[in-house]
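Quick heads-up: structures coming right below.
In the two assemblies presented below, chain A is common to both, partnered first by chain B and then by chain C.
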Partner chain A sequence: MAERGVLLEGVRAYRLIAGMWVRSSMAYRTSFVVTVFGNLTVTALDFVGILLMFSQVDSLGGWSLPEVALLYGLSATSFGIADLVLGSMDVLGARMRDGSFDTLLVRPVPVLAQVGADRFALRRLGRITQGTVVLGWALVSVDVDWSVLKVLLVPVMVVSGAAIFSAVFVAGAAFQIYAQDAAEVQNAFTYGGTTLLQYPPSVFGKDLVRGVTFMLPLAFVNWVPAVYVLGRPYPVGLPGWAAFASPPVAVACCVLAGLAWRTGLRSYRSTGS
Partner chain B sequence: MGSGRLYAAVAAGGFRRYATYRAATVAGVFTNTVFGVILVYTYLALWDEKPHLGGYDQAQAVTYVWLGQCLYATLAIQGGGAEKDLMDRIRTGEIAVDLYRPADLQLWWLAGDMGRAMFQMLGRGVVPFLFGALFFPMALPTTLTPWAAFVVTLLLATVVSFAIRYLAALSVFWLLDGMGVNQVLVITGIFFSGMVLPLNAFPGVFGEVVRVLPWAAQIQMPADVLMGETDPLRAFAFQAAWAVALLAAGRLLQSAATRRVVVQGG
Partner chain C sequence: MEPESGFIELDGVEKVFEVRKKTGFMKRERRQVRAVDSISFRVERGEMVGYIGPNGAGKSTTIKMLTGILTPSAGRLRVAGIDPSRERRRLAHRIGVVFGQRTTLWWDLPLLDSYRLMHRMYRIPDARYRANLDRLVELLDLGDLLDVPVRQLSLGQRMRGDIAAALLHDPEVLYLDEPTIGLDVVSKSKVREFLREVNAERGTTVLLTTHDLQDIEQLCKRVMVIDHGRLMYDGPLAGLHEAGESERVLVVDLERELPPIEAPAPARVVRVDGPRQWLAFPAGESAAPLVARIAAEYPLVDLSVREPDIEAVIAKMYAEQTERAIS
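So, the complex of A and B:
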């Protein structure tokens, strides 16, 4: 019961802090519109890169453009959601360096909610919008024999994917407590992860695919379920039910990330300045 | 003579400043290596589908990837070099102090950025490149001449990169906020430098245009010189022409800014 109280309190605090940042960014409306547009363009470049590749070839690793677009749309949308909710966590290292992290610790609000909502940036809707557009296009143009199960799997992928990426962000934040200046390592797993998942698994080496399936289960964001939807083989042997395993995998990731965060927080030593 | 020593000292300062953050450097090396691995696999799949795309074979495409990761921080492809500090100083009005210094504003910042680039190259660029050479087949020259030419193109590339970012930073004299310009720098830098795809693999007229823009001087030219895909003298001329033109434009804009604009702050 107490756990639940903390959770609700955290969500409420998150909403309040995020709302404050939204109001502050809305103070300069033109600037806000320009940055949303800029964010949309920057993220769209990834996809333009894929389009450029497909202007030269008809398939990549045996996958057609709509199929790759499906992977891209799923990866970008779920990453976009996680990035909107927790994407400002990379300022955590800076907060620990300048000592302002200590202020967050003495407030009667869950630290994770404060850190997550810190510098909440609505402009990140740009990435979600762009991902959703590509996903929509992919869904209508991809050649799939749709069943109820496959249709249901699409929203499940987006939500579980967002949860898995959120877990990566939280684990990264926990890592920053130890590493401080090394915040950029997180980018390898967040931005690197979403880039990796935009391409077909058949493109990559088997060891790499094994790694992101069994060790850091990013593959459950889109690869594993999407392979089922498209009726393609997965490069690494997996049981049939694995396609539906994304939600439990996401929950497990979140639990582990939460534990890592708590451990990290407990071992935090202030700079003392 | 004296002024030469001054700019050397500024460059050394730029080098030392970035060398301070060791953990951040190691983190950057790791991230560039991970991105390199991801890109290599996608490029290999692409070149598998279409061998000799853009005149490269697979080993050359792989070399291009790792060179891109090596130069990513060195040339501040996404911004984040001298122009970031310069923008801040213009915004806060601290630029007034810089204008009072008995040194040339453009050369001062160029020297600092060269120092930064030098550190990023040695501290952050070399290791991912060596990692790539160790684990993937690369097309590297075995004689000394291409490497020597490569060093020259790198120097020129750094100057062109600075000249572009210097122009962007000066715009803050009028815009007062660098956020939008920074976004433009990110977009143009990543796309037109060929971080997404080598410029010689861009299709049609679009490709022709992209290959003569100043950003082509940043990764494409050094890559082509290193792998003997272009005449080094032609590459030097291309880079030098853009460097001179952009630095001159920077000077013009700088004199307009310092004559007409009122510095912010009180």
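So, the complex of A and C:
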């Protein structure tokens, strides 16, 4: 019950602080509009790259354009949500170096909520928008015999995927407590992870696929459930129920990330660095 | 509920850091640094205490333990009956913290927006918030600044804004880390006057670290000196002079050049420059007998007394402690 109280308190604090950042960014309206457009353009161009590739080839690792678009849309949307909610956690290291992290520790609200809401930016909606558009196009174009189960699996994938990416952001933040200049390591897993997942698993080596399936379970964001939806084989042998394992995998990731964060914070408070 | 003996209580509090130093490629030397070494003190409710010492003496580490940011390595620590490191968030409602060099205000937003955030983050009852805000705005002269974005405020205005932000939730204790650093004379005196008023009006306990000894002289009856993690002095400001065996200097202008004045010990001439002579005497003693004696025996034109520089006093204390430690 106490845990639940902290969670609610955290969500409330998150909304308060995120609201302040939104208001702050509105102080420079023109700059805000320009960055939103810039962000939309850059993310749109990202998918144009894949379109250009398909203008030269008919398939990628045996996957058609709508199938790759499905992977892309799922990964980009999930990542976009996590990026919107927790995307600024990479400033944590800088906050520790300049000492402003201490000011968060004297507030009566959970530190994770404060760090998560830090530099909250609505311009990140661009990525979600682009991901949703690609996903929508893929869903109507892809050649799938839709069943109720498969239809239900789509929103489940987006939500679980967002939770998995969020866990990676939080774990990365916990890691930054130990290595304060490690923001780029975190970015490698988050931004790197989403780029990886935008391509079919069949184009990668088996070891890499195994790694992101069993070690850092990013494959459960889209690969594993999507191969089920598309009726394709998965490069690494997995039981049939694995397609529906994304929610429990996401929950496990969040619990582990939460523990890592707690350990990191405790260590900071005992070492001061 | 524990018996209330002191509002802030420290018993043998220690903080040991492990510092890893690179001594070569992949080689690291581990060393333990005792930032705070067995410190004990009590502060009663409503006291105003100065906490001073050179950089790296352990001041900030102590404040960080008192606010719950850092967990002590050993010893017992209580603020308002709460163990700060174990109940950091509960304690947060009862303390106010101002970090002199770090603003907690929102740079791009009007000052009032930062206060509204405090209102909601600390769940301050509406009537209470309005009453506190009105009073703070009046005392700190913030009326014209509430709608100004914080980035447009001067350093002094921002510091006043920060202090108000730390007091909106009625904290029982206020920690100030270098509250007057970088401020001009007018802003400094405004801040000091305000702190005196808050302390008198609300009985807020105030603990402040500072490099500006005027802060201490004008605000604190009690001062604690820390160096190398140890409490070197804890008592009234006046006693600090005695503890440091400091001396005042009597500057005497005579009618003409004369040999050094024969003063009764322990007073003695420390410098002669033409008709002007400098006599040192213990800071704890009155200058009157010495002045009377010189006036009676020498052709006196003018005189003045120079108070010892507290920084020099502290420096002397440090030096003596080190000597004692070596011998």
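Everything below uses one rule, namely that the second predicted complex is superposed on the first by the 268 of 273 C-alpha atoms of A that agree within 3 Å, B and C clash if a C-alpha of one lies under 4 Å from a C-alpha of the other, contacts with A are read in each partner's own complex, and residues count from 1 in each chain.
Heads up, the rule we're going with is that a contact is a pair of C-beta atoms (placed from the backbone, for glycine too) under 8 Å apart; a residue touches a chain by one contact, two chains touch by 3 or more.
The structure presented is a predicted model; accordingly, all values stated were derived computationally and were not measured.
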Inset, instruction - Scan A:Gly205 for contacts with chain B and chain C and give back first, second, both or neither. - result: first
Inset, instruction - Using the touch definition from the top, say if A:Thr195 reaches chain B (first), chain C (second), both or neither. - result: first
Inset, instruction - Scan A:Ala173 for contacts with chain B and chain C and give back first, second, both or neither. - result: neither
Inset, instruction - Please indicate which partner A:Val229 is in contact with in the superposed arrangement: first for chain B, second for chain C, both, or neither. - result: neither
Inset, instruction - For A:Ala13, select first, second, both or neither according to whether it touches chain B, chain C, the two together, or no partner. - result: second
Inset, instruction - Classify the contacts of A:Val221 with the two partner chains as first (chain B alone), second (chain C alone), both, or neither. - result: neither
Legend entry - Which of chain B and chain C A:Ala183 touches, first, second, both or neither: first
Legend entry - In the complex, chain B residues that touch chain A: 21-24, 26-28, 30-31, 34-35, 37-38, 41-42, 44-46, 49-50, 53, 177, 179-180, 183-184, 186-187, 190-191, 196-197, 201-203
Inset, instruction - Mind listing the chain A positions that touch chain C in their complex? - result: 13, 16-17, 20, 23-24, 27-28, 98-100, 102-103, 105-110, 266, 269-273
Inset, instruction - Note which residues of chain C are touching chain A in the complex, please. - result: 17-18, 61, 64, 67-71, 73, 85, 88-90, 92-93, 95, 97, 99, 102, 104, 106-109, 113, 117, 120-122, 149
Legend entry - Touching residues (chain side chain A, partner chain B) in the complex: 31, 34-35, 38-39, 41-42, 45-46, 48-49, 52-53, 55-61, 179-185, 187-189, 192, 195-196, 199-200, 202-205, 208
